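In order of appearance the chains are A, B, C, D and E, and numbering begins at 1 in each one.
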Amino acid sequence: MGSSLLGLLAGLHVWYWFDGSSAALQFVESYEWIPSLGIKYIVGIDGFSLLLVVLTTFLLPLVLLSQWSDSEEPSQRPFLALLMALQSGMIGALVAMDLVFFYVFWEAMLIPMYFIIGVWGGKRRIYAATKFVLYTVLGSLLMLAAAIVLYLAHFRQTGVYSTSLLDLYSVKLPIDAQMWMFGAFAVAFAIKVPMWPFHTWLPDAHVEAPTVGSVILAGVLLKMGTYGLLRFAVPMFPDAMVQFAPVLIFCGVVGIIYGALTAWVQQDAKKMVAYSSVSHLGFVVIGTFAVMAGGELSVEALSGATYQMINHGISTGALFFLVGVIYERRHTRMLADFGGLAKNMPWFATILIIATLSSVGLPGTGGFVGEFLILNGVFQASPIAGMLASLGVLLGAVYMLTLCRKILFGPLDNPENKELSDLSAKEFGYLVPLAVLAIVMGIFPNSFMDKTKPSIERLAKSYKSYSLDYRMGRDMGHQSAN
Amino acid sequence: MSELSNFMSHAVFHALAGLITLVSLMVVASKHPVKSAVFLVVDLFLLAAVYATLESHFVAAIQVLVYAGAVVVLFLFVIMLLNLQPDQLRGLRFNAPEAVTLILSLIGMFIMIGVSVAGKPTGLGDGSLTVEAIADGGGNTYLVAMKLLTDFIWPFELASVLILLAIVAAVVIAKKDHKDQPA
Amino acid sequence: MVPVEFYFMLACVVFTMGLFGALFRRNIIMVLMSIELMLNAVNLVFVAAGRSIGNLDGQIMVLFVITVAACEAAVGLAMVIALFRKYGTVNTDILRLLRG
Amino acid sequence: MTILWIMLLAPLVGAVLNGLVLRKSPKMISHLVAVASMAVSFGCAVYLFMDMMKSGGEPKTYLAFNWLDAGGFHAPFKYIIDRLSGLMMLVVTGIGTLIHIYAGGYMHEEVSTSRFFTYLNLFVFMMLQLVMGDNLMVMFVGWEGVGLCSYLLIGYWFQDDNNAAAGMKAFLVNRIGDIGFLFGIFLTYRHFGTVSFTELRDIIGSNTLDAVKLGAIGWITLCLFIGATGKSAQLPLYVWLPDAMAGPTPVSALIHAATMVTAGIYMMTRLNFMFYLSPMTMQVVAVTGALTALFAATIALVQSDIKKVLAYSTVSQLGYMVLACGVGAFGAGVFHLFTHACFKALMFLGAGSVIVAMHHEQDMFKMGGLRKYMPITHAVFLLGVLAIIGMPPFAGFFSKDEILWKAFIGGGPILWGVGAIAAGCTSFYMVRLLCLTFYGEHRGASDHGHHHDTHANHAKSHGDDHEHGSHGHTPHETGADMWGPLVILALMSAGVGFLGVPHVLGGHNIFEEYLKPVMLIPESAHEHWAFLEATYSHSLEMALMGASVVVMLIASGAAIVLYGRGPAKVLSKWKASFSGVYSTLWNKYYVDDFYFANIVQPIRDMAEFLWAFIDVKIVDGAVNGVAEMCRFVAGSVSFKMTGSVHRHAMVLVIGLVCLLSVMVIN
Amino acid sequence: MNFEVPSLSLPFYGSAFPILFLVVTSIVALLLGVSKLNTPKVNYGLNLFAIIVALGSAVYQYAISGGAGEIYLSGGFTAGLLGFWGQGLILFCAMVVSILLGDSYMSPKFFRGEIVSLFHMVLAGMLTMVATDDLVTLFVGLEMASIGVYALIGYTRPTKLSQEGAIKYFVLGSIAAAILLFGFAFLYAAAGSLRISEISRAIGKVSGHSWIELGAILTIAGLSFKMALVPFHMWTPDAYEGAPTGLTAFMATAMKVMIVVATIRLCENGLDGVHGVWLSTLSLMAAASLLFANVMALAQQSVKRMLAYSSIAHSGYMALALSAMSGAGGGMSVPSILFYLIAYVAVSLGTFAIIMWLENERCENVIVDDLTGLAKQHPRAAVALAVFMFSLGGMPPTVGFISKLYVFNAALSNGLIGLVVIAALGSTISLYYYMRIIVRMFMLDSTPVLGALIKPKKSLATVGIVFVSVLIVILLGTVFPEPVMQIARKTAGEVTGG
């Protein structure tokens, strides 16, 4: 706990000192790690990772707080240790500026999560944990292969072995090589996101994971996928990205609608929230790939995507916490078992509604800012996709309100539910910050986005110039060949 | 080399080859292990004859002495010791896997034969060791011995360890383990 | 002079014969003898090749092969005896405990 | 501009106080806080209005802070005070205050009302965002915010699942419209690079639009109008409003009659310069409005639930307003909005009083004769009815005739005819309602044991804690806290019409003059809208006016004859002989059923299919199938293929031969 | 005809000291075996002494050896970095296995004079095989190792299982030996020599001749048998399961080191002229191993059998790198294989140490279900085993990942993208069965099956070995891969010439 608070302080420190006007990496440290392969320990933070790092450091204390009172239990110590390991893994992956170094953290964080789900999870925890790990690993290994090819290409072009991102960004690849490598990266990250149709591990993992596991999974782990897309897939393979963007947008849109519809018919509250993640992250995905007519990325959509990542972490984290609250009291998550809880749990109801509203993107909550910007950007890039994705806004309201209605409203007729007590002080302790943040993020988004703005604009713009450079270079190559 | 001797060596080779093939078939196809062992001895003799036609007299001799004389006798000895009855040749049940394997091995054989006929690569070997050269050098046995004890001294020495190892291994394996209950 | 390919072809045939024996005979002693046959095929190649190239390495190798074959035969037959002691048969079909 | 911020934030402060601090406090205090915050807000609004008028009604904008900046997109929290928003803020805070006062009495049976007043205050706050915002985004914040409050308030008595369902329906149907609104924003940003009203007005006013932008405006306005159909309950998205009556009656009065539902009209008026540029959209708007007016009015003819009747009446009146917008008479629309806010709030509150008096009985056929018991309520209600049916010289007469006249000159006789028929229906059902409720015999006490009509399934909206046994008590007049606001509203219903006396009747149409600066017909569209400025013969206008009055009188007369002393005998005979028509009307043209069976259910079925089949069987099945396949291969291979040393050797040989073949092939 | 009489110099004796010394100690052990001193303790001491001395001398030779190897006895013995490296690793495995066997219930069975003698002769054969330029010596060394191991695994403690495993291994091994020899014969026929380096030279002259290709394929097939590559792997599960666990560990580690080093030498130094042949052959087998072995491992109940399939799969990874040895990016693959071997040896020894620790007379074959609840019973052992499993599965931050990265790197630098994709699939499948063990240990609550039987033995040595293995696995996986990579690189210099 102490160390997590320390982590939060450090996170806030970084936040405070982060220079929002610069797109460059900050707080960079670099050491040799495996010089014979050119692998370095390079960490640094820019606009993309900053928010996620802060989110991670923010969520962890809350998560630990939620575990606080049970600390008598003997299995608590390994659990906390795993949580801390998970946090290091996540932060490591976020700050790593070396491809292999990133990969190490990216995979290493599976292990604590695996144990968290597998040891402390529900009935089908083993199935879920195994599926989670295998699915992710399969994708990541393909990515690893592509990463190595990229690294070798860099070597061929410069004669230097390096896996540093800054070096790899400069690699110029022919389009067909870019295509499959982008595919490999995209699949790896799509699995993590999870993007339709690679999403099926998520509901299982969420349902079986303990509350805390779900919170972290939804809050940060999934963002690794979208973060990865932004950090690696997009800048490294610009031409392939333009080619692939329609496919990804398609998957994203399908994910949005599909996730929403499937969420709607779920009977299990957690599964519903899990599918809602599929839908919400679909927004992030389409936001990332909103390629405008000029080959430039939509700044609005990118901002929205980065913002939505954080916001989804907050709102869905809160939702999982809330489902955990009632699960702890009733040991069931079936919607049919609840109803009318707003009567004897008014605070619970209040926070659930706030989280719901943030999740459905009501103006004034963080969800709106993210979704609006994404949809706006995507609409500018591809009106059809924007329109279809907007259906997600409607369907999102459908299932989330269904959730609220089934839990909170209706007659309080189940005798077991009548005895339920409202939130305890501890639960307040971890829920209120999330609820407050959900609203603050909706009202003062600029104070969050200012920090990310330069990075986003640089990505969107440099992307264009880079890809133009590249095309021109290729054309010249053609001419000389002719 | 004269036409005649060429014809003769061909004739001898083909006769031997035919016999070897036949006997080899008998070795693997005989019902009774004893018969197989006897055919094996015959086979080894025939091969020794082939070696002899190839001017490898020492090897031919060793083939007869060690192989036919010791190894196969060892086989016979064990067969007798265990008083084995003729096989029911149950092994020659031909299920699909066996059939497939048989066909494939035949294909493999033809591939190997096909490769064999590619012929000797040109420009290789000094060809120094003609029959005359052997005779000049002191005869096949002398040359082999010299070679064995100079260039191949290291494996030669190791072979002694190998034989020791085999003896120890055979003892370990065949030793009756009194503590171990028979099944 | 008989071309070296003829010897090779003969060796291939003998090798395959040995292989058949090893593959299809259930009697383990038969299997061992078949393996001896295969080794003989090898020897034939060595000798023929050595003759055609004109050096002695092939014959040397044959000597080692014979040594090894003898060792293998010794160890193999010891195993046969041990097996026979335990099961009263030398049929390989009994070796079915380890599978999967 | 501190006053503005006080006005905007006072309701929010009230909401926060009630929502977070005063949860357990007595009703009195939460009521007081709520009313006080509203009163403060209203006071500020009056001050601001005066201030604005003093400076000639020039629009002024005030920046709170920059809200959202991403790329080229900027959406500050910026507010505008001009004639339009000034008027609206008066309506919102003024009527809001009255309703807050009234609500205290209405909700006196509740254990705690802090939650109620939280929502109500929050609603006013959001409504102020909607009307004061200087850009589409702030408006959208309010737009969705009021939707949220509406959702929460409709489902206020959440113990009844139907209420929760009605709330959800309202929210979702509104969301459909909101998506249209969103598209409108996206398109606006795409083509104009800004979403600020002031800037848009400047751009469009400058008349430098190319064909692409003109085309885009068509789409933009259409999208925005879809938003308006949601919020303002127009065809085809009106279905939520009748269900929304499940909420407490003050809510119906404030949200579903006076303020929120008029947001669509407000928005169109706010963007009139864009709508003017797109005659096609305007045509759609006008037709939609007229049809809605007629459609809802016919349904209202046969409903038995007092609030349902009022609800359909609201839909119908909103149709009028939309019709007005559609023919370019935004001023008339807003005028009707204003008068309608007064008299419909009055009628809802009156109905609320009746319902309270009847112990939450809403079926009109179980009322009757209440005039005796509730004289004040009766009096004010009567005024309201007179206003809505367009009896000269009450408010409704002026506003409605203005609209019908504009419809005639702008849209032709058909639109006028539709409007007039709707007006006739309005007169009929309103008088019917009045008669059934206040005249004739009291039918409530004798009907003691019977609870409610099976059809009016949303009629019961009281919580568990309400005693059912209170039926049969004699109705009684309500307290002053409830009739006080009624009286004020009644006076307004009677009086505000004079703000818009048309020239033909010797007035100056002050209201239209007042709003004139808000309107802007871009030059390129002048020709099309020339009729608005043209002069017509007074006799025509008078004739039409007379015609509509006659229609009104005939319809009212019919209603008095049929329902004056309770439902006439002949009605049941008619019911039987026109059962098809009747049940169609009674079931609201089966629209709800149609939507459910053809839209909601198929989607739900599809979702089930997606989940149960596609997701579990195919997408996940593929994933698990791979794993299963591996395990199957391993299992079958491991025991069938292995064990025998010969088999092992065969595999070896086969492998070898394969390698050799590869070599040969190479 | 001239014959060069071999001159046996002091450096030769120094270089060959490990081999010679082990031969001597084997005879000593044999003599001890018939004396009164034939007690497990004495034999244990002798064994450990001999191995440590040999190991020390191999390490010393490695340290003083400078780059290109010295060639003695007409190529029979080469004193190069790779050879000493292989000898050192083999002896290290032998040492660890001896210590583990000393701690196990097998101790009185194994530490008999004749067995120790066999063991030393086997070691001598293995050491010979990794340090020779001569196919004859290679073959003799291989047979020494094989024949000895047949006896050791089957008859150290003869049970039905071990005997069956040994016989199967023997029969198949003999067939494979014949195939290998057939390959040698064709190589000889085409190249005219049995010296690896001369074959290379001859191939330069006659490249593309089909005899060489046939010989190369048969040779590689024969070696693949020992390396346990699909489809020549069938003996592996049986032999691994049947053998006493200590010897299984020995086979999985030392034998693999031996055969891989020999293969590197043969392919890189001898057959580099026909690398197209072994590229296609080895990559096919690598692909087959990676897929098939991993799938098969899914169905296994016996831990040892599962590890056998896992070992096949790991051979597949090494074959992947082996097949990438030639061509443009080949410089990276030999170091990657060597690094992989070190990682694999460390992890395997640790894993087998834990499994041996769990075994006793009553429970000789631990099945996966036996591990249920181990985390509650013996949490430290469970954590260690979990670390090993993750490392075998190639998850960071263990050395398994770094070695996999290295191997992929090598393969991809030669453009073997398809193979790497297959490897990725394979290792995903492999994670499943590794995780099965973790699931049993940590996640299933049912009563421990084996836990009841185990009396935690006080075996400091085992604990130490496990601890050191964990340390190696983690440290090489996180902070210190570089020094080991440098060693691998330096060692590879002998064959790659760089």
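Throughout what follows, contacts are C-beta pairs under 8 Å (C-beta built on N, C-alpha and C of every residue); 3 or more make two chains touch, one makes a residue touch a chain.
All values derive from a computational prediction rather than experimental measurement.
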Smallest count of steps, each to a touching chain, taking chain A to chain D: 1
Labels of chains that are neighbours to chain C and to chain D: B, E
Quick one: which chain's Cα centre is the longest way from chain C's? D
Identity of the chain that, by mean CA position, is farthest from chain E: D
Most central chain, judged by mean Cα position vs. mean of all protein Cα atoms, is A
By number of contacting C-beta pairs, the most connected chains are B-C
What whole-number Å value describes the gap between the mean CA coordinates of chain A and chain C? 63
Whole-Å distance, chain B centre to chain D centre, using C-alpha means? 101
Separation of mean Cα positions, chain B and chain A [Å, integer]: 69
For chain B and chain C, let me know how many angstrom lie between their CA-based centres, rounded off. 7
Multi-chain contacts in chain B: which residues touch at least two other chains? 91, 98, 101, 105, 108, 112, 116, 118, 120, 124-125, 128-129, 133, 143, 147, 151-152, 155, 159, 162, 165-166, 169-171, 173, 183
Listing for chain A: what residues touch at least two other chains? 134
What are the residue numbers in chain C that touch two or more other chains? 4, 8, 11, 15, 18-19, 22-24, 26, 32, 48, 50, 52-53, 55, 57, 60, 64, 68, 71-72, 75, 79, 82, 86, 92-93, 95, 98-100
Spell out all pairs of chains that touch, sorted by label. A-D, A-E, B-C, B-D, B-E, C-D, C-E, D-E
Chain D partner, complex, touching residues on chain E are 167-168, 171-172, 175-176, 179, 213-214, 217-218, 221, 225, 230-232, 234-235, 237-238, 276-277, 280-281, 284-285, 295-300, 429, 432
Can you name the residues of chain C that touch chain D in the complex? 19, 22-24, 26, 92-93, 95-96, 98-100
Going by the contact rule at the top, pick out the chain D residues touching chain E in the complex. 627, 630-631, 633-635, 637-638, 642, 645, 647-649, 651-652, 654-656, 658-660, 662-663, 666
The chain D residues in contact with chain C across the complex are 638-639, 642-646, 649-650, 653
In the complex of these two chains, what residues of chain B are touching chain D? 91, 97-98, 100-101, 104-105, 107-108, 111-112, 114
